[in-house]
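Next, two complexes with chain A in common: one pairs it with chain B, the other with chain C.
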Partner chain A sequence: MNTLIAISGLGILSLIAEIFNARKAIVPMTIIGLLAILGLTASEFGLDKGYYNNMVVVDKFSSAFSCLFIIITIFLVAMSHDFYKNQSTKISDFVAIKVFLLAGAVAMVSFGNLSMFFLGIEVLSIALYILAASNRLNLKSNEAGMKYFLMGSFASGIILFGICLVYGATGSFDLKAIYQVIHYSNFPQWYFIGIVLLLIGMLFKIATVPFHFWAPDVYEGSPALTTATMSSLAKIVAMAALFRLVVKLLPVQSYSFQVIIVCVAIASMLVGNIMALRQNNVKRMFAFSGISHAGFMVMTLLCLNNAASVLLYYAAAYAVAGIAFFAVVIYVTREKQNETIDSFNGFGKTHPLLAGILTASLLSMAGIPILAGFFAKFFLLNQLIQTGWIVLVIVAVIASIISVGYYFKIILALYTKDSEQNLPAVPLAYQIVAVLALLLNILIGLFPGYVLNLLG
Partner chain B sequence: MDNILQEIGMENYIYLSVILFCIGVFGVLYRRNAIIMFMSIEIMLNAVNLLFVAFSTYHQDAQGQVFVFFSMAVAAAEVAVGLAILVSIFRNLNSIDIDNLKNLKG
Partner chain C sequence: MNVSFILILLLFGAIATYFAGDQLAKKVALVFSLASVAGSIYIFNQHMAGIDTNFRENWISNPNLFIALKVDGLSVAMLLLTTALTSIILFSSFGNQYNNSKNFYALVMFMSFAMVGTFLSADAFLYYIFWELSLIPIYFIALLWGNGDAEERKKAIIKFFIYTLAGSLFMLVAFIYLFQKAGSLLIGDLYAIHLSGQEQFWIFLALFLAYAIKIPIVPFHSWQANTYQKAPAAGTMLLSGIMLKMGLYSVIRWQLPIAPVAAKMYMDVFIGLSVAGVIYGSVVALKQKNIKKLLAYSSLAHVGLIAAGAYTLTLDGLRGAVLQMIAHGFVVVGLFFAAEVIERRFNTQEISEMGGIRIQDNKFASMFMIVMLASVALPSTFNFIGEFTLLYSLYNANIWFAILAGTTIILGAVYMLKMFQHVMLGEAGAKVFKAVTTQETIVFVVIIAVLLFFGLYPKPINDLITPALQEIVTKINRQ
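Moving on, here comes the complex of A and B:
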């Protein structure tokens, strides 16, 4: 609860800083503020308490995920100063929107009432619509914003209808009251229609097959920093919220629900990875790679009792690798019209450090040992074998092997091709963010126990 | 209020809301004018609001009506952002036809 209030206050503060002409101080001030909030959230870890009639429930799950979201937002804010240097008069807006987006994200993992969940998802989505269309003179950015807006609000409508049916069947928005009703009394069977509508809406937001078609266009058209926000932050927020929803609203899963999840996961992993093979645009390729990772994360819904820590680990590994990847991609492509793989030709010879970081983050996503991505997949598949869905494990391994193909396309361009392009000097912010994100990735890869034991 | 609900029947409220919601869904899927698509999304949200109020009366519980205020406020904020995006598209393209947005393909 304190986290949520402090984040909202920080967002307002960074808007006020604009009035006092303190434009240069906004980014450092926000980073320091977010670090303080990170400390506050970490100090509340282990608390299990509801606030305001259970509107917000702080527990281990919500604290751990909030910490992860805050860390990712710190990286994103740190890159904003240089990324928006052509629009420096609007820096306070961009930073404030990112901070408000974080507030929505925290609300989405710490809700105790469905109205809080709905408000959280809307705060997050509306902030992302603005960020996607924020480069307003560029037609591609406009188009991405429009497509994201239409698809996002369509999904919001479906989620709202699902909430309405759950309310109609149980007579309450409070998760504890709903729990009482579905365990100890008769309730109409269309309660499950509500659950399915909620599931469809959330799968839209996570971008899994069959609800993935918006993702490649939106990721390609948006400004690169927004793409980083969507792919790293928004995806894991939606996934964590879906996990919490299913844990609270559907404690006992029928076989047919499990079959739906298995089909969605298999389709996402295969379609995402196979489509990514034929992409030439890096952002578009990353969108398909994100679809396949969403398929991996959705699999945690099959073993709800002990998968929370695996989901946290997978989300952390994926998001941190994504941040390191985008820190380099933003630097390489910021003067260019589009982000083809050719932009990376010969980058390994001119910038060995950044090229090494890019390679390492790609290897982490492909699942090569030492890096966190490998252990994330390892723990996830380990859990799945215990649930008995061997088919899913086999498909996941095949999908990982396919994914190596397109990740190595970039790595080959880095080291084997030559080019005469002259890139300007590397801004310090990108370098620091890339190095820190990769270090974090290697650390959670080397000491997985610290993350896995958090949610016990 | 109770009498009206009993006379008309709860299920008729549900049918009406579902029909309105489906009109909204098909509007989004089949119409190509951005403004009409926005209106269709509004119809979807308002159909749900109607159902919320009906359920609220049915359960004799005020939470549903309070939720309607939240969802109306959110819908207003959403449409404000959507119209702003539409204005910037109109400035670039001089048209609000969704079919003109074809730059992103692959």
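Moving on, here comes the complex of A and C:
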């Protein structure tokens, strides 16, 4: 709860800083503030407590994920200063929106009440709609913002409808009350229709097949930093929220629910990876790769009992790899109209360090040891085999093999082609973010126990 | 001191090589590599003296995974082979000029680190990590420093990468399944679990996919010849000399003892596939016009024989396999180095463009001759001992296998001698063959010395590996 208040306060503070003409101080101030909030959240770890009639429930799950979100937001904010260099008058808006987005994210993992959950999802989504359209002179950005807004609000509507049905069936928004009803009394069958609608809305936010059509266009059109926010932060937030929802609302899984999840996961992994093979735009490729990773993460819903730590690990590994990836991509494609793979030609010769980081993060996403992405896949498959869905394991393996094809397309461009382009000097912030993200990636790869044991 | 220091030494060597700069890189790499040879000999002595140098440390508590390194005769033999061959390969590439040589030599050292790790690991998870890790450096070595057209090379190398990765991911699935059964991936625990015949069959198959691609066994060999041809000489030597031994070693260490029932039940099938590789490789080698491709196919034939020997599940078969792994490692490095020596002077790999070398450089001709004869298993060379043991074990399994596999000796002699004739003999052409340098001579002399010494006196290696193999055979025959 304190985390949520502090984050909202920080967002307002960075808006106020604009009034006092402290534009240069905004990014450092926000980073320091976020670090302090990270410390605060970490210090409250393990403190199970509900606030305001259980509107917000802080437990291990929510604290751990909140920490992860805060770390990722720090990276994103750190890149903001250079990214919005041409729009420096609006920097406080952009930073404040990102901080508010974080507030929505934290609310989405620490809700104790469905209305709080919906509040979180709206704060997050509206922040993202604005960010997607934030490059207002660019037609593509406008298109992306509009598309995302139309589709996203539609999904929000479906979620809201789902919540209403759940309320109608159980008479409460409160998770504890709902738990009582579904365990100890009879309740109408439309409860499950509500759950299905909730599931559809959330799968849309995570961008899994068959609710993925918005992702490639929106990812491609949005400014690169927004794409980074969507793919690394928003995706795992929605996934964590969905996990929490399913844990709380559907403690006993029926076979048909499992079949739905299995189908969604298989379709996401295959469609995402196969479509990614054909992309020539890096952001679009990353959108499809994100769809396949969403397919992987959705599989944690099949083994709710001990999958929380695996989900945390997978999300962390995916997000830090994505941050390092985008730190390099933003730098390379900043002056360009299109983010084609050709932009990376010969990058390995001119910038060995950044190219190495990009390679490592791609290898991590492809699941090559000793990077975190490999361990994430290993732990996930390890859980999956226990559920008995061997077919999922096989598909996951095949999907991983396919994914190597497009990740290596970029690596090949890095090292085997020659470049004719001259890139400006690397902004220090990007370099620091990329190096730190890679270090984090290797560290949680070498010592996975620290992350895994958080949620015991 | 336990065996982990060799791994640390090699990893540190890779980092030091990278930071030594382009000028010093090769020397630094060689120093560290020779130090690792010394370290391996030290481990060998400790092992023979009966001192325990195993290493085991808890890594991840949940799931229960260890950093465990096991020292027995088999792994010591492979350790010696890897470190010695890495030194030879590093030294042999001194004659080449590589761009960015610090990256090149650092990658070679890193690959040596990963391969040593694969041979020493006693926890399947750690083993898998090293196994995958060894793929990354060879991918970049072949891609960036290889020869031939860049586009074709890219295709060949990515094919190799995806093939091997695909195989090993199925191995990972098998290990995860075993982990659910055993609760740990320590090799001892994996040996101890009881699996039904059905389970063993699937485990065996998943592991087979990984190893058959790596070795390679027909019909999973199609990446091999192109990759060998496109990779730089050092890369080809690393691949053929050491890396494919990872597959053979893993068959002996992991596949057979974990799924012995399946291995016994389908023994004929797997020996059959391996023997098919022997014949296929030999026949295709007859037709090759490119010297590196010819050597690649001859290598395919030889490793097929080794795999066939291992799949007989007898002590003789396993012993022959290990002996021949070591012998083949040295011989194939020698052969590819000879091809490289010619390529340095003639700038070609096409056999038809060679010839007339013996007249110009008698010394090189004789050295090449000895290595070539060792490759066709002339008595008194190390390869003869290996192949003889292998054929003997195949004869005990089924006489037809021995007869079919025996053709490798005849066909091998045919294509090797034909190749030698076209490459070395004949009138001196327009091309001038500069006499071999001292550095090149040293490489050949070391290889020939090893091949002849153990050809005449194989007892040290035999004594080293037999107890370990005996133990594995006991595991295979457990009920």
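In the analysis below, the second predicted complex is superposed on the first by the 456 of 456 C-alpha atoms of A that agree within 3 Å, B and C clash if a C-alpha of one lies under 4 Å from a C-alpha of the other, contacts with A are read in each partner's own complex, and residues count from 1 in each chain.
The definition used in the following text is that contacts are C-beta pairs under 8 Å (C-beta built on N, C-alpha and C of every residue); 3 or more make two chains touch, one makes a residue touch a chain.
Here the structure is a predicted model, which means the values were calculated and not measured.
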| item | value |
| --- | --- |
| When chain B and chain C are modelled together on chain A, clash or fit | fit |
| Partner chain in contact with A:448 - chain B first, chain C second, else both or neither | second |
| Which superposed partner A:47 touches (first chain B, second chain C, both, neither) | neither |
| Which superposed partner A:12 touches (first chain B, second chain C, both, neither) | neither |
| Touch count on chain A, higher of chain B and chain C | B |
| First, second, both or neither for A:133, with chain B first and chain C second | first |
| Which of chain B and chain C A:415 touches, first, second, both or neither | second |
| Which of chain B and chain C A:385 touches, first, second, both or neither | second |
| Partner chain in contact with A:32 - chain B first, chain C second, else both or neither | neither |
| Lowest inter-chain C-alpha distance for chain C and chain B in the superposed arrangement, angstrom | 25 |
| Touching residues on chain C, where the partner in the complex is chain A | 59-63, 125, 128-129, 132-133, 135-136, 140, 143-144, 150, 154, 158, 161-162, 165-166, 169-170, 172-173, 176-177, 179-180 |
| Of chain A, residues touching chain B in the complex | 115, 118-119, 122, 125-126, 129-130, 133, 136-137, 139-140, 142-147, 149-150, 153-154, 156-157, 160-161, 163-164, 167-168, 171-173, 216-217, 220-221, 279-281, 284 |
| Interface residues, chain B side, partner chain A - complex | 14, 21, 24-25, 28, 34, 37, 41, 44-45, 47-48, 51-52, 55, 58-59, 61, 63-64, 66-67, 70-71, 74, 77-78, 81-82, 84-86, 88-89, 92-93, 98, 101, 103-106 |
| Chain C contact footprint on chain A (complex, rising order) | 363, 368-370, 374, 378-379, 381-382, 385-386, 393-394, 397, 400-401, 404-405, 408, 412, 415-416, 448-449, 452-453 |
